[in-house]
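Accompanying notes for the structure given below.
Note that the chains are named A, B, C and D in the order they appear, and that numbering of residues resets to 1 at the start of each chain.
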Amino acid sequence: PPSCARPLDPPPPHPNNPAYSERAAAAALDTMAWHYFRSGSGDERTLRENRAAFERHRLLPRVLVDVERRSLATTVLGRPVGWPVLVAPMALHGLACSDCEAATARAAAAMDTVLCVSTLSNLSLEQVRAAAPAAPQWFQLYVQRDRGVTAELAARAAAAGYEALVVTVDAPLLGRREGAVRHGLRLPPHLGLGNFSPDVGAAMLAHRNAGDSSLAAHFAVTSDPSVTWRDLGWLRGLSPLPLVLKGVLRPDDARRAADEGAAAVVVSNHGGRQLAGAVASLDALPAVVAAAGNRLEVLMDGGVRRGTDVLIALALGARAVLLGRPVLWGLAVGGETGAARVLELLRDEVDLALALAGCTSPAEVRTDLLA
Amino acid sequence: PPSCARPLDPPPPHPNNPAYSERAAAAALDTMAWHYFRSGSGDERTLRENRAAFERHRLLPRVLVDVERRSLATTVLGRPVGWPVLVAPMALHGLACSDCEAATARAAAAMDTVLCVSTLSNLSLEQVRAAAPAAPQWFQLYVQRDRGVTAELAARAAAAGYEALVVTVDAPLLGRREGAVRHGLRLPPHLGLGNFSPDVGAAMLAHRNAGDSSLAAHFAVTSDPSVTWRDLGWLRGLSPLPLVLKGVLRPDDARRAADEGAAAVVVSNHGGRQLAGAVASLDALPAVVAAAGNRLEVLMDGGVRRGTDVLIALALGARAVLLGRPVLWGLAVGGETGAARVLELLRDEVDLALALAGCTSPAEVRTDLLA
Amino acid sequence: PPSCARPLDPPPPHPNNPAYSERAAAAALDTMAWHYFRSGSGDERTLRENRAAFERHRLLPRVLVDVERRSLATTVLGRPVGWPVLVAPMALHGLACSDCEAATARAAAAMDTVLCVSTLSNLSLEQVRAAAPAAPQWFQLYVQRDRGVTAELAARAAAAGYEALVVTVDAPLLGRREGAVRHGLRLPPHLGLGNFSPDVGAAMLAHRNAGDSSLAAHFAVTSDPSVTWRDLGWLRGLSPLPLVLKGVLRPDDARRAADEGAAAVVVSNHGGRQLAGAVASLDALPAVVAAAGNRLEVLMDGGVRRGTDVLIALALGARAVLLGRPVLWGLAVGGETGAARVLELLRDEVDLALALAGCTSPAEVRTDLLA
Amino acid sequence: PPSCARPLDPPPPHPNNPAYSERAAAAALDTMAWHYFRSGSGDERTLRENRAAFERHRLLPRVLVDVERRSLATTVLGRPVGWPVLVAPMALHGLACSDCEAATARAAAAMDTVLCVSTLSNLSLEQVRAAAPAAPQWFQLYVQRDRGVTAELAARAAAAGYEALVVTVDAPLLGRREGAVRHGLRLPPHLGLGNFSPDVGAAMLAHRNAGDSSLAAHFAVTSDPSVTWRDLGWLRGLSPLPLVLKGVLRPDDARRAADEGAAAVVVSNHGGRQLAGAVASLDALPAVVAAAGNRLEVLMDGGVRRGTDVLIALALGARAVLLGRPVLWGLAVGGETGAARVLELLRDEVDLALALAGCTSPAEVRTDLLA
């Protein structure tokens, strides 16, 4: 993996937007990691649609508003954050940077936002927490077949100071990302799965010739496809942390989430990596927002690349968005510095977009900003 | 034709989806056969639209459903099948594989589904039946100008153990598939039309210089463009087999099919090979389903390539779909094994799609799965 | 110009559809003539839209209709024609074939349909009439600034046996076809404007360096941009021939045409050669048909290339369509034979499309054939 | 910068439309200037949409109207102009031509229309005025942080004979035009900002290494992002000139503009250079026109390239349109002559389009001209 200790690579010629970094990352990452991170399931239609959904919207800026003083600050789950963009949970940051999730944690902290740490991190959740102890972090949870292991993960997250459990609900099985399968994802010897015992990492290595990715093999063995709404009570009881359900695309599921005591949902199709042909997150957002009413906070991820994307999502009712792959691209190109730079470029864009739209805070971004 | 006795060709580098096989088949087949199988009529707009219609749909997966135990089993015409995908009737499998329809029959049987055998098979219907005597098969019937020949075909099919007659109703004349015409379809010397006397095969050879395909010549001489709804009673009387009308795109025609005692219709435009510019099968499906009510089973074909396509068709009311060209591509690349592999890849995709959509059986796939 | 006396060039490899001929004509014609015939005005958006409008329609074929016996015959202005496709008026056939409009006249006659002869023909209207005296022909009239010349043209047309006057109403000025302007249209020395005195042809040659096409120069001098609805009475009085107004795209104009005693309108944008950005003819058709009621026959031209296009136009209410450029392509490639071949290919396609749609005559093609 | 004293470059091979000049300008301009003029903000979606919005409209020409005598004349703000196209305010003409805005002023005067002179002109507003003293000119005003400077600019404009103040309201901050940023806009030594003291130009030069364009640096320091509707009264009081608000896209903002005494609004997104993803100007036009009623004149800019574009904008309710970049392209290729040529080509196209649409004046262009 690229060394994160090295000084930031000379930037690509024109690193002037948060989208630039994808090309740079394609060059910096080894082929396997690139395809693992980049690919979507099936024909990658949902991957493309996530982006296209943003491009279909048009903004109607308001003029002659005093926008000299602006604030991007907002709250998520009642917790103040610097701006309405969080870092989405993603597995295996170690494929992008030798400091693994610690680099991302420091970048997120520097940029005053929340990092969601994946069950499938290379460092342990305690190590990631320790990397940025003053910053808010949430723990993403895959419910394990072994309910004891699940309970232990939740308890460890609470003990370490995580502020929410993000339960992924769109992955009873792992989606088939053909790009990743073709390039045979496997863990390099120096990396493990930090939240599990070392033999689990070894087990993944053992699957490397199975014709599928070792992650899919791991996932099939460990993750539980039988979780239902009736398990939410049990999940709530595992820790005092609020539950965020990630992967909700239907209004009826959002209502059920509220009924079962979830604090928030993330409208998400897992970055186009689970059900092939699933609706774009942004297209699913308005109906979920309507169904949530004021009982749930609604976040979204999938396709966010530019500052105006954030405005569009807010205008459709999202409280905040989660940024995924671009953070990995920054990490791949320049480690902690690179990840922070991507976040900074996006934050500057959100700020400029807010001003040019005639708003001075996220709260002023309402539906009538859309044509 | 490629020898089916040979071991399965080394697969193309990434045979990880049922769509891959088209490129491999283009390499394996001789030019004439490739164009005969691949081409659509006119500008091939309907051929493309069949596929595009699926790509316009978006899925709304349901989360937190226990999908650990799933079954793809369903019934068609009351007969249990392993999964809701049948093999569509297609002519001249011998152009793809020296074992002709016998290879396909064994592949379909291995994959626990129904093979529809074409009137224009290279082997006789009895030979195809004998290749997989335990599996269900349907016989596709072109009504012949010689009504005696027609009656004999129906009687033979019933006697051989076929379970339905699939009467093609969209081909009073053969559509003009320009790709095929350009490449001059003709039967190679070692192949005949198994359901007809040898001189019919010879007659086709005699037409090979007519500037049109020999199949079109054969078709014009033998098939009957004067069949009407009033002949359905006669057709029903030819055998005890239920009638399936293949090629219905209009709701009024579906209602009439029910009135005349058909058991099912296949919403189909003949793979884009008959009327140029005909509506995509999938786009025609909902109105036919509504017209059919509970009086007819509604199947469809045209454009099915991925597991999520099957979900979309079921969500729009199809009881099952028929898979066409991909089976031939598998046959061309690897004979029986290749055809079975294509079916297996698709079945795995249907299974995964079902799980990721939050369903455990075809019956749970309802319209509200579509955005 | 290519010699029409030469035997038909060996056809392009796959002359199996009426659209093939465009590429062949591009090779056969000199650059100036090719661009003159091919080009549309402005950005050629209307030229493309004429075609795209057909491609947006989908057909819903009817099945189990006895289509063994079919007839393409219909009537236009009460006159029987072999099939619902006429040859559109086009200027300067001599640029495509040394026999000029006489070749086209014989081809149209051979294919049992009407030729519309342009005011700007290279042969005189009497010469064209004499080339196919038994076939029906219509005379297209540009109203001339010199009303005496206009009256004389109408009288000559009636005397020569033309059966209708097609008055072009969409060309008060000549549209700017940039492709043609770039390639400097001028009449070669051996060609004249057959309906005018020789010095008019000489005048066109004199304009050849004007930076615009010589045709535009001729047109500006001779054609009358001040013609209005109030002149229709005068036009009707010039001859006993029925008036057909070509270039009507608006329903209010169609109603006015009926009020003023026109017998028919041609829904047309002049092949995308007049107002840049004008609506596609096919898209304008339904409203004109509705406005015409049973007071006018409605024809259309623009974008017809395939047999199913003709069905679509009939389904939207056209009595018949006019075929333009493809006839010139045939003429350029093979003179009379080539033009007739293009018409024959299209007629065969109309016949096949009719059968596959479940119709036995143009009268059975109704709106419900469209999805 | 290209010398404007040189004779007009030999024109590109086919200078027969107003859009041709873009390619020629790309060759004539240095890279920095080309990207500064050409680029839009963000992904340039709005830049493209401005154009695409025109291409979505279709015209329904009226026939048999006497169009022999036509007039393009109209009025804006009660002032007669030769045709309904004005020259949009644009900064830094000196990057295109050594005569700077004086060349543009003479070209606009020659073509009988209004030039809008930018606050950020290279010549002073008095110099531009003196270049064409008989022609109408408007002064575009960026409200400066220093309200005294703002008042002085307004007073100078009134004293110099400008006829309106065009207050830009869509630029509280400068949009991020990534193309321009990449190519590092800076003023060459021989150019200054004519309306400001020389040290302001020097200040811009000092910023040239700041990683952003020097214009953005200048803008951030001098322009005032705190201007609101409440400042309009003050702006009105600075001079007797009527106020035109440029950059209004919302109907509520248009109503407010009328309430606050503006004389006109320009529906504009600043040529796609301010808020990325803003609605296309043409798409925003109809709602603004409806909101304006008869209280405001409504102009528009963004994407106008062809004569039929002007008709479309008028049909949607614009009183006139502003032409931007094409004038710079003409200037870059041929100085005053080149700019006038672009305007002349467009005027000829408007005239022809009017005639072919069946109109004899801008007043006759109404909504029913659109399909």
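The definition used in the following text is that contacts are C-beta pairs under 8 Å (C-beta built on N, C-alpha and C of every residue); 3 or more make two chains touch, one makes a residue touch a chain.
The shown structure was predicted, so the numbers you read here are calculated from the model rather than taken from an experiment.
Because subunit A and subunit D share one sequence, their contact can be compared position by position; here under half of the interface residue numbers appear on both sides.
Rotation angle, subunit A onto subunit B, C-alpha superposition: 90 degrees, expressed as a multiple of 5.
Subunit A and subunit D have CA centres that are 43 Å apart. As a whole-number value, the distance joining the C-alpha centres of subunit B and subunit D reads 61 Å.
With touch defined as above, subunit A holds no residue shared between interfaces to two or more other chains.
Of all residues in subunit A, only 42-43, 45, 49, 169-173, 175-176, 178, 181-182, 224-229, 231-232, 245, 247-250, 252-253, 256, 274-280, 283-284 touch subunit B in the complex they form.
Subunit B makes touch with subunit A in their complex at residues 13-14, 16-17, 19, 55, 57-68, 306-308, 312, 349, 352-353, 355-358, 371.
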